[in-house]
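In the two complexes below, chain A is the common chain; its partner is chain B in one and chain C in the other.
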Partner chain A sequence: MSQNRWLATGNFYTTYREEQRTFSTHLDRTIFTLFLVLLFAWPMFFDLGNKYMFVVDNILIAIVAVMGLNLVTGFAGLISIGHAAFVGIGAYTVASVCRTMGTSHELVTHFWPLLIVLSGLMGAIFGGLVGLPAFRLKHLYLAIATLSFQMIFQWVINFMTFFNQGQTISIGRVYWITGKVGRGDHYEFWYYAILVIVILLGFGIRNLLKTKYGRALVAVRDNDRAADAMGMHPGLTKVYAFALAGFFAGVAGALHAYVFRGVGFESFTLHESVSYLAMAIVGGLGTLNGSFWGPVAIRMLDLQVEHLSEAAASYLPQGTNLATASKPLTFGLVIVLFLMFEPRGIANWWRITKSYTKLWPFRY
Partner chain B sequence: MTELKISDVTLSFGGLKALSDVDMTIEPGLITSIIGPNGAGKTSMLNCISGFYHPTQGDIFYKDKKLTHASPHQISNMGIARAFQNLELFSGLTVLDNLLLARHQNLKYSFLHAVFFFGKASRVESENRSFVEDVIDFMELEPYRKSLVGNLSYGIQKKVEVARALTLAPDILLLDEPMAGMNIEEKEDIVRFVMDIQKERNITVVLVEHDLGVVMDISDRIYVLDFGEVIGSGTPEEVSQNPKVIEAYIGEE
Partner chain C sequence: MKETRMVRGLMVLVLLVFAVSAHAGEVYKLGFSGAITGPTSDAGNPLSKGIEDWFKYVNDTKMLGDDKIECTIRDDQYKTDVTKRNFEEYLDEGIVFYLNYSTGSTLGLKMDFEEEMMPTVPSSYHEGNLVNSNYIFIPVATYSENMVALAEYVTKNHKGGTPKVALFIHPSAFGRGPVDDTKKAVAAGLDMDIVEVVEHGKDLDNSAMLKRLMSKGVQYVICHTVQSPVATMLKDAMRLNVNAKSFGEEGKLTFLGAHYTGGADLIALAGDAAEGFLWTCSYNLTTEDNEKSKKQLELAKKYGRDDKAANSHNYAAGILQAQIPTEAILRAKKAGLEVNPENLTKMLNDMANGFDSFATVGPVTYSKDDHVGVDVVNIYKADGGVFKAINSIESEYMKKLRAGM
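For the complex of A and B:
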């Protein structure tokens, strides 16, 4: 019924159902579709090479993980410093299948989508278990509980022979309709696979946030006493938030295992947990698009710092490892600067840009 | 019939007795007020009913169901809603979302429906929205629908608080000082809403309030608490004649 569905100007809703749409104008939807097409098309015209495709894959995996972390920390307000451990749970689910059934068992190589979902569920189970203290603990105390899970995870991996004591457990190459995915196509293949997963999960979150399952998360963040009076069990809601985050982390872990073609404990340390948290903060806590900006920004920063240090190293005496020193420095600096000047993260810039262009072509 | 019965409720924190042997009956369809000087235990009484505190002794019955040890979310699902004295709103959300949240238990669709947002979830959510719009209309909150609750003025926030309790579609509405800190005009507004809630929506109202003028005007029953004990009860006329009540409020002659 609305008169003009192309621009926000003159776009009126006449039913409540119209207001539920993900894209409020045709223009928004068209731009988004074109952007997706671009994402799928660019590797065909532009060969990035294995080295950089690997970085892109890594960014996408981080996006999956940070989407989960943003749900539990951004939306439900529960700080989780053990997110890398949940990612590890996913990766080690794939690794355990490899250990028990062999590296190139059909489940690993042919039914990998199934295994990815299974890893997600495993992550959700552990997420729920680790979330149990949320019944009693709040704020920083809960954060410490998640930290302890991180420690327990690292300890278990390092000492169990089943997990090769944290040494790399290799994962076989997967098959697609076209046959075995070889060395040359590996990163490009996983780029597409992860991209599809990111899009599906992104729309999933978007939908979830429109319903009671999403609103419940925000309710326990803002005021869990009132949430209780509104008829939801605050403890269970928090456990559910952790399970949800665990699912995303589990999926990210399985993807990590496949892309790296091996699982070793050093990818799931406390440092990684803090990185994920930083990505969520830089991207913008409590926003969906923040989960995309954050990983891109932090991973790109790492890459640029590495390049700059390499360039600078030629002017310095030999043996000074500039990259190792400047990486943590810039990482910390970026977080501090963001916390000081833009606590709402890059997502806020996006919001501002959108509100400026909303009434286009009119100024007011 | 719906009836809330509070029998011999004692609430003590260590040696301090916040409530001692309180007996109350809340009749359906009436406005019952609980008054008393500061620290008399009025809010403690509401906290006991709504499940945030559990009485040390005694029981609370609602429609023959015992809710002495039920938790707040169970009680709100039984049809007893509560508006808080110190605003307990979801300040990061819009007025609309605050009210939508209150419908949590009434929305019946599964998690999978929510993730894919097909058919049922979409339908239930739009029905839900029209229910909420009804409440917004009733409480005259239309101009603030899309504004963040944290940015609204105190008077409006209080109204949102009442509206949110109303969105739970309760049989009994507990209002904890809905008029505190308001000017005359806003007070008149809220009084009108409270009376409308009782008459049009047929909801039993339990009101805790300091403004005796308002209480005497609109209440059908009044309970007077002092130091955790009921010192007087009955219709407004009876209470205002009660020597004990006069003593508690004005002091001995």
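For the complex of A and C:
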């Protein structure tokens, strides 16, 4: 460890404990704390309006989901093409409670934190079940197993009358210590609630990766036979990775249900699964901060392309459908460009920026 | 002296400003969110043009005097989350009336409409929109009314026993909704045998399905979906020579369809195979060559629309969707009421003496218990490459079913 606790000029660790610190210097900790304060304080000074607060909430929900996907695909190296279905499991857990007990039942409106955790657990159970083929399957074959789950999920929701055949199931408004959260405060309230969840889960992952359970994920990804030889159980580790990812997705699903105040089938399709995967790739697979960058980049890109195609639709002839094609075209192009030129994602840009500021004002 | 002149000049200026602003009139904000691009934009695009043109016309012709309607039109690409975002934006802007598009988003936002007490006219004619809703006003006959009306037409015109019918539907809530109502009508006494309900996929060939229906003795296929799967089926039926040349021809299949199955788009897709197809729609078609269609074409010409949009029944649907809030605003102004969501809802609920629209085949009426605008549907038949009206019908069984609800 560097003598100066505020500025590190290199990585000089003398114990494993030092290496496992969440923040390597006091400066890192201070900057992070200030950043958190900023995240909590800015809504008090800037009024984004409900429209853009809704966008911000959506980004935070996607961050929760992508953190889970990054665990299974980024850290454990298991491709999941059914992540939206796991998010759907969480959302439909809340919806099922509403269907059976009513949208205004206290479990939904007052004990919503409990229901969010319960949705996460349901996601974990289904994640574990879908992960079972990992005992025998690897690589693309396992990816197909997750795709099958996505298809089964879509068919079940689309045809079962209990799930309203995919039509929206309404969710009641929640209560906080100040009373019922009305429309005026709805998106801001959920911004704070989701932000707390993101921070808790973020620290959870950060700490998990320092433990033997977290290291096992990476070891199995890098070489499962070597991991086996080191005493780890590759099959169980993979199942547990799927269960963890399912938990995160389930929580994201419950948050989605509450923010949208309804659960409909179209938010959990294969297209959404591919979107989550794209967010993880663009953000940076196998990095925690990549889980933040990816959703921000893809959701903001979506928004901008939406505005562009809307403007283009007024000028372009309807028959050409160019405006319709612009969104998938841009989406695909971004993925291809990242895979070609920056496969390590935006997280790598962050790493380079951090290295630069660490050395500054010296060249090396 | 110079100062006094300046003060007088300023006073005149201030008076002028006040005078101008007093004549400026009110601006009523409205919002529309629909699929201008993306899935179903073949319907949503001309529909949004109809809305845009009608409000331009209202302002240009000073239909509301000095008052103006400012309707923001946003594309939601058929995605409910984008629709919700647009709706939130409109609420922040202080809209007095909202126009929505898809079935999914109308059902998804129904609770919001209730909470905000926002009168809403959707482009979706799903019967379920009306369940537990006080603020949704459907412009024309619902999908269920269309389908049951077709079933009634079949039973009235079929000769020789109980007609055997197959329902060919879209695999979604939009497709399934009217099936339940048709089954309820049969249970309530409509003399029809529903042999099979086919939820189509993305099949490129329907030969096997058509042969199966033939082997089951099916005589009529009533469709409730969009044009492309119907076109595929009609082309296959023509190839297999199983399509009826006249209504109810023995040993052949007579094809009929509700609202989104027909129109110029079906003929463009199916060509000759569409001949004889029977289609229900509450909109007046420009191929009818009457005073109503002339007005629609004039409006489209005035605002520079191409022939495809001008002749689309979806363009007419957009016009009607915009005419409904316009009429509510006119009536509120006439009654000396403030133009706000509450009073506009009241105006619609009191619209038993409705208004005539050049876009539709019947008058638009609403009441507190009836939130469906036009109850009549025209039955059109594809003949010589165009749809021609052959009958007008109002579903008796749907009235009975609603009364029993």
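In this text, the second predicted complex is superposed on the first by the 339 of 364 C-alpha atoms of A that agree within 3 Å, B and C clash if a C-alpha of one lies under 4 Å from a C-alpha of the other, contacts with A are read in each partner's own complex, and residues count from 1 in each chain.
In this section, contacts are C-beta pairs under 8 Å (C-beta built on N, C-alpha and C of every residue); 3 or more make two chains touch, one makes a residue touch a chain.
Bear in mind the structure is a predicted one, so any value in this text is a computation, not a measurement.
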item: Contacts of A:E310 with chain B and chain C, given as first, second, both or neither; value: second
item: Contacts of A:T353 with chain B and chain C, given as first, second, both or neither; value: neither
item: First, second, both or neither for A:R17, with chain B first and chain C second; value: first
item: Which superposed partner A:L208 touches (first chain B, second chain C, both, neither); value: first
item: Partner chain in contact with A:V55 - chain B first, chain C second, else both or neither; value: second
item: First (chain B), second (chain C), both or neither touched by A:R221; value: first
item: Complex contact set, residues of chain A against chain C; value: 49-51, 54-55, 58, 158, 164-168, 170, 183, 187, 260-262, 264, 266-267, 306, 309-310, 313, 317-319, 321, 323-324, 326-327
item: Interfacial residue positions of chain B with respect to chain A in the complex; value: 50, 52, 71-73, 76-77, 81-82, 84, 88-93, 97, 100-105, 107, 109, 111, 113-117, 121-123, 125-126, 129-130, 133, 164, 168
item: Residues on chain C engaged by chain A in the complex (per definition of touch); value: 36-38, 41-42, 45-46, 74-75, 77, 79-82, 84-86, 88-89, 91-92, 104, 107-108, 110-112, 115-116, 128, 171-173, 176, 306, 308-309
item: In the complex, chain A residues that touch chain B; value: 15-17, 19-20, 204, 207-208, 210-216, 218-219, 221-223, 225-234, 286
